[in-house]
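I'd like to ask some things about the structure below.
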Amino acid sequence: MIKIKGLSKSFHNNTIFSDLNLEIAAGEIVAIIGPSGAGKSTLLRCLNLLETPDQGSIEFNQVAYQAGAKISQTQLTKFRQQTTMVFQQFNLFRQKTVLENVLEGLLVVKKLSRSEAEKIALEKLTLVGLVDHADYYPGQLSGGQKQRVGIARALAMNSSTLLLDEPTSALDSELVGEVLATLRQVVLQNPNQTVVLISHELAFVQQVATRVLFFDQGGILEEGTPEQIFKNPKNERTQQFLSRFNQQVFS
Amino acid sequence: ATTVTVGTSGQPKPYTYVDDTNKLTGYDIEVLRAIDKITPAYKFNYKKAEITAVLGGVDSGRYQIGANNFGWNPQRAKKYTYSNPIFDDSYAIVVRKGNNSIKSLADIGGHSIASQTGVNFTLAIENYNKAHPKNQAKLTYTSSEVPKVLQDVQTGKYDFALLDAPLYKNINQQYKFTDLKMVVLKKSDVKKIGVPHSYFLTAKDAQGKKINQALNRGLAKLEKNGTLKKISKKFFGADYSPKSE
Amino acid sequence: MAKVFDPQLVLRDIPKLLAYLPETLLITIISLVIGLILGLGIAMVKIHRVPVLDRLLAIFVSFTRGTPILVQLYVTYYGIPIVLQYANYYWGTHLNVNNVPGLLFVLVTFSLNEAAYNSENIRGALQAVDAGEIEAATALGETQWQILRRIIVPEAFVIALPTLGNALISLMKNTSLAFVASVVEMTARGQIIAGNDYRYFEVYLALAIIYWGLTIITEQLIRLVEKRITRFQQQQAPQPAKKVNFNLLKHPASVVKRGETLD
Amino acid sequence: MAKVFDPQLVLRDIPKLLAYLPETLLITIISLVIGLILGLGIAMVKIHRVPVLDRLLAIFVSFTRGTPILVQLYVTYYGIPIVLQYANYYWGTHLNVNNVPGLLFVLVTFSLNEAAYNSENIRGALQAVDAGEIEAATALGETQWQILRRIIVPEAFVIALPTLGNALISLMKNTSLAFVASVVEMTARGQIIAGNDYRYFEVYLALAIIYWGLTIITEQLIRLVEKRITRFQQQQAPQPAKKVNFNLLKHPASVVKRGETLD
Amino acid sequence: MIKIKGLSKSFHNNTIFSDLNLEIAAGEIVAIIGPSGAGKSTLLRCLNLLETPDQGSIEFNQVAYQAGAKISQTQLTKFRQQTTMVFQQFNLFRQKTVLENVLEGLLVVKKLSRSEAEKIALEKLTLVGLVDHADYYPGQLSGGQKQRVGIARALAMNSSTLLLDEPTSALDSELVGEVLATLRQVVLQNPNQTVVLISHELAFVQQVATRVLFFDQGGILEEGTPEQIFKNPKNERTQQFLSRFNQQVFS
């Protein structure tokens, strides 16, 4: 359960969004779509405080963050553990092996014992089909494999919410399928995993999302089930946006 | 006893050097050791440093005594307190064998020489050149060591070198310059170069003066009991110890 | 002919000089370590633009890079006592650094010099660390300090190493100036030996051989370290035997309901 | 109290020392230019793996990087005459370097030193030049020499400049060692001054100020050059007013027959 | 008119193709398609001697090259002037402005006067729609604009044959259209311009090529008009290759 209340964010007088309210129930798979520069990434990055919101509050089941209020390192860590993120550019630790990448958070942040941590890490690597590659370095993997390690690293933290910011847009089209398949599998296997996803892969969004938000002009212009949004968009800008997309994808 | 630090560069031999057994020794050093023995108020402690650093060290109070075959000149006298003479020096011109054109300081005009900075010989050449603007010696400043300068005289790069006679004898023991000869300067020439003595230097402050007095008392005793002469014989094979008038 | 050059002496001098190798290495290693730590500090101050300190350190770095290290040795070793002498004279204090060994001044000077030279290099390396990895560690919940220690420093080290290696070699050769501050290391020892036998050229040749050897050894060590810490780049891992291929999306028909397991 | 430090002397010394600035600059600039040209040559030999020469130059570079420059000065200034003396003695030749001024030895030593230090840097820069651009120029029909001059060298210069700048500053400070070969530049002049008045500390301070100033000026010059030659990177050109958009392919209907003109 | 006779090329015992024969008439637009690693690029690069063939000869109207025979710099330049190349990675001279890029060959290789060269360069830049950008540096251009400069640079040399090695594959899909349109225009406007083109843009190939070569396993397996090759491939490997392509493009 995520509750976002009155959230505002601007960069030097450039307001990205303001007074944004959003509730996401546990187990929802929320896809955010919208034009480039709308602020989708910024919103997502506010959820784990990679960007500091100017105003408003973000509440997870267990912990809350209030913009402007002081927050201790312990609280911050606790807040950040509510979410894990899979990055567009993978952002694997290049000096660490695949296994060490997945272990990192478990050992350093969760402070698990080595054996516990390894058990979890290998489990997640098995899930994404890379347990054979545990001793590879990121530089020795394909883009699709890298992103699957990113997913394993995120899953290992076992946080309630998974944040995905265009997890396939840095991949060649050949590798996109590989990663989307993994994601699909993860999502389908874990009914309680909340997911907030930004993606241009509308086909994918259509298949996995339980709710779609169309984000533009500093706010959520329209929301609904994939069915509603893709087949029957009400807002004119949504229509426009989707028509352009449909052209691009199906041309 | 108060500990007093002596600064020395460990060269030139035989005034100050480290011998084959890795022991600091030399004429200046052994004289100081002898003074130390008969001066209960002080205890000397020896430190080696690069030559300019020895002077800088006395300036800054790091060393209380400088012992490095220091000669006398007015500029230096402004900065440091001089002890009584510790050594009766003798100066020499070194030329190639067969070169009979330089026999005294008066002959150096038109001839070339390389000389180090901060030594009396260089000042003497500068003074000569000031006095004989039409017939100057060709002075090249250098930071090369003396043996190199002597080698350059031997190969003809420079016409002559000016240095302490005892030093030349020592260097020649090592290099055996077959093509060089030494012309020992007459007393009159020696006076032009400077006071032909070397000294210990101390700082120009109250403490420096006190140490200086102790050094002078010690020197007087050593002269009287013949120790100075003995040390000189040991390092130079001859008596260069100063005789008080 | 006069014996202007005696190659035997070169051989004789080498072991005599090597007896002072520990001093050379001591100065080099201690200055290197302190220099790296201080350099990292300076780099951090620069990156975070700490007010005032930032400007002061910029002047310090500029001075250190802009003046010969010989002059820096003079300024610390002779300048500090002079300042104290004046202080004692005018304010009646009794400060005295004469009992502080010259080695300490040498170490301070070389460490500061090393810090100044490395700070720019370290700053560059720190800033070249992939921002994405820092974000990833942040998102995992690591603290700033953990990120610095676990992610930033190891990566920056890889980037900075070649330049640090060059600085180390320069440092090693510069230790030959320590004699100015009464510290006897190999070069000073060489001058003292030559002071005894007047054989300057032979000693300098012997020193050249030793320094050259040291440099070659150091370069090899650096190469070893480099090889170790860049394992992640070099090693061409065997290509995976079977290519994992989740062919799910290719067949949109095979939609699986949530909660079901695949495979 | 004795005047252990006289700031007035520092001020008096500065102009005296600056009178010898031309010598310092002369040595620096000539060594820099020759060093760059030789360095480029060494780099080319390394890149093309010229047999034998390649190995010899590697030893030369290793020696030069591995030994203090002071020692290198000794080796050329002391060693060459000794070698000739022996040659003359044993083979009855009449080689003589007495009329060769010390400055030449200094220039040779510094140029070679600079060449050795820069060769690695230049090699790295040459190899970092975009292979694609070289191919493009080749495909246009440019000769190897034209490509080197027009494409490779300008690009490599941009890459190498920061390191070359540092080498230049080191070189400038190292010229202070030229006195070993009896060449009087600023530092030597300083020692001569101090040899007269025994005010070593003041002279060294004056030298520090001058070298610092020189370094700052050099750094600024390098920055200027850098700015000029990296125009192509920095300048954020105004975004084009209208975006050109040939929308031809979007409408496959509008197929035009060959030979027809569009627009 | 290009005549390739008995051309062979291998890299350290790895034979890429051998005894290849091919004739291309003036004005033809020949597209080479085939799987990755087949040797398409190597063949194209042999045509301007960026790769040195091991055996065989290449003959243009004016000049010929015989593998193994000595060739002077003048002859080499003359041979290279028969073709110009547009590169996949653009390979613009980054330190030179757009105009200087186009001028380079004219001034240095053709040794035209500055004014003549500028006239030609501006003409070609106008053709590709970038005359406004003459003073830009490559770093200030989009990928599509860069490639159009590459085309202008090639056209300016006015050589009989234009070599294109996947001129759009380094571009975002948005920019591909821009470059293909330019190419199409160039090709259509110059009926005598011979073009040898490697491209994965089969739609484009279909539209502009006069002949298509399917290259694989060290040789030309099949050739024909686009119609023949795309609609009615005879060789089994061609069929296989095109089916995969069609899937990718139209999915």
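Just so it is clear, A, B, C, D and E label the chains in written order, and each chain counts residues from 1 on its own.
Here, a contact is a pair of C-beta atoms (placed from the backbone, for glycine too) under 8 Å apart; a residue touches a chain by one contact, two chains touch by 3 or more.
Just so we're on the same page, UniProt names per chain: A, E = Amino acid ABC transporter ATP-binding protein; C, D = Amino acid ABC transporter permease.
These numbers were taken from a predicted model, which means no experiment stands behind them.
Trainee: Along the shortest chain of touching chains, how many steps lie between chain B and chain C?
Mentor: Minimum number of steps from chain B to chain C: 1.
Trainee: Which chains make contact with chain A and with chain E at once?
Mentor: none
Trainee: Looking only at C-beta pairs that count as contacts, which pair of chains has more of them, B-D or A-C?
Mentor: Higher C-beta contact count between the two pairs: A-C.
Trainee: Just how far, in Å, is the C-alpha centre of chain B from the one of chain A?
Mentor: 83
Trainee: Suppose each chain is reduced to the average of its Cα coordinates; what separation in Å results between chain A and chain D?
Mentor: The computed centroid separation for chain A versus chain D comes out at 51 Å.
Trainee: Determine the centre-to-centre distance between chain A and chain C, using the mean Cα coordinates as centres, and give it in whole Å.
Mentor: Averaging C-alpha atoms per chain gives centres 42 Å apart.
Trainee: Would you give the residues of chain C that are in contact with at least 2 other chains, written as numbers and ranges?
Mentor: In chain C, residues 1, 4, 74, 78-79, 82, 85, 200-201 touch at least two other chains, as defined above.
Trainee: Can you list the residues of chain E that touch 2 or more other chains?
Mentor: none
Trainee: Would you please write down the residue numbers of chain B that are in contact with two or more other chains?
Mentor: Within chain B, residues 52, 56, 59-61, 148, 151 contact more than one other chain.
Trainee: List the residues on chain D that touch chain C in their complex, please.
Mentor: 1, 4-5, 62-63, 65-68, 70-72, 74-75, 78-79, 82, 85-86, 89, 169, 173, 176, 187, 200-201, 204-205, 207-208, 211-216
Trainee: State the interface residues of chain E toward chain D in the complex, per the touch definition above.
Mentor: Residue list for chain E touching chain D: 48, 50, 73, 76-78, 80-81, 83-85, 87, 89-97, 104-105, 108-109, 129-130, 132-133, 135-140, 145, 153, 157, 177-178, 180-182, 184-185, 187-189, 191, 203-204, 207.
Trainee: Going by the contact rule set out above, which residues of chain C touch chain B in the complex?
Mentor: Chain C residues touching chain B: 1-4, 74, 77-79, 81-82, 85, 98, 102, 179-182, 184, 188, 191-201.
Trainee: Quick one: which bits of chain D touch chain E in the complex? Just the residue numbers, please.
Mentor: Those in contact with chain E are residues 130, 132-133, 135-143, 146, 150-151, 154-155, 158, 229, 231-233, 235-237, 240-241, 244-250, 252, 255-263.
Trainee: In the complex, go through chain B and note every residue touching chain D.
Mentor: Within the complex, chain B contacts chain D at residues 52, 55-56, 59-61, 75-76, 79-80, 114, 116-119, 122-123, 140-144, 148, 151-152, 155-157, 203-205.
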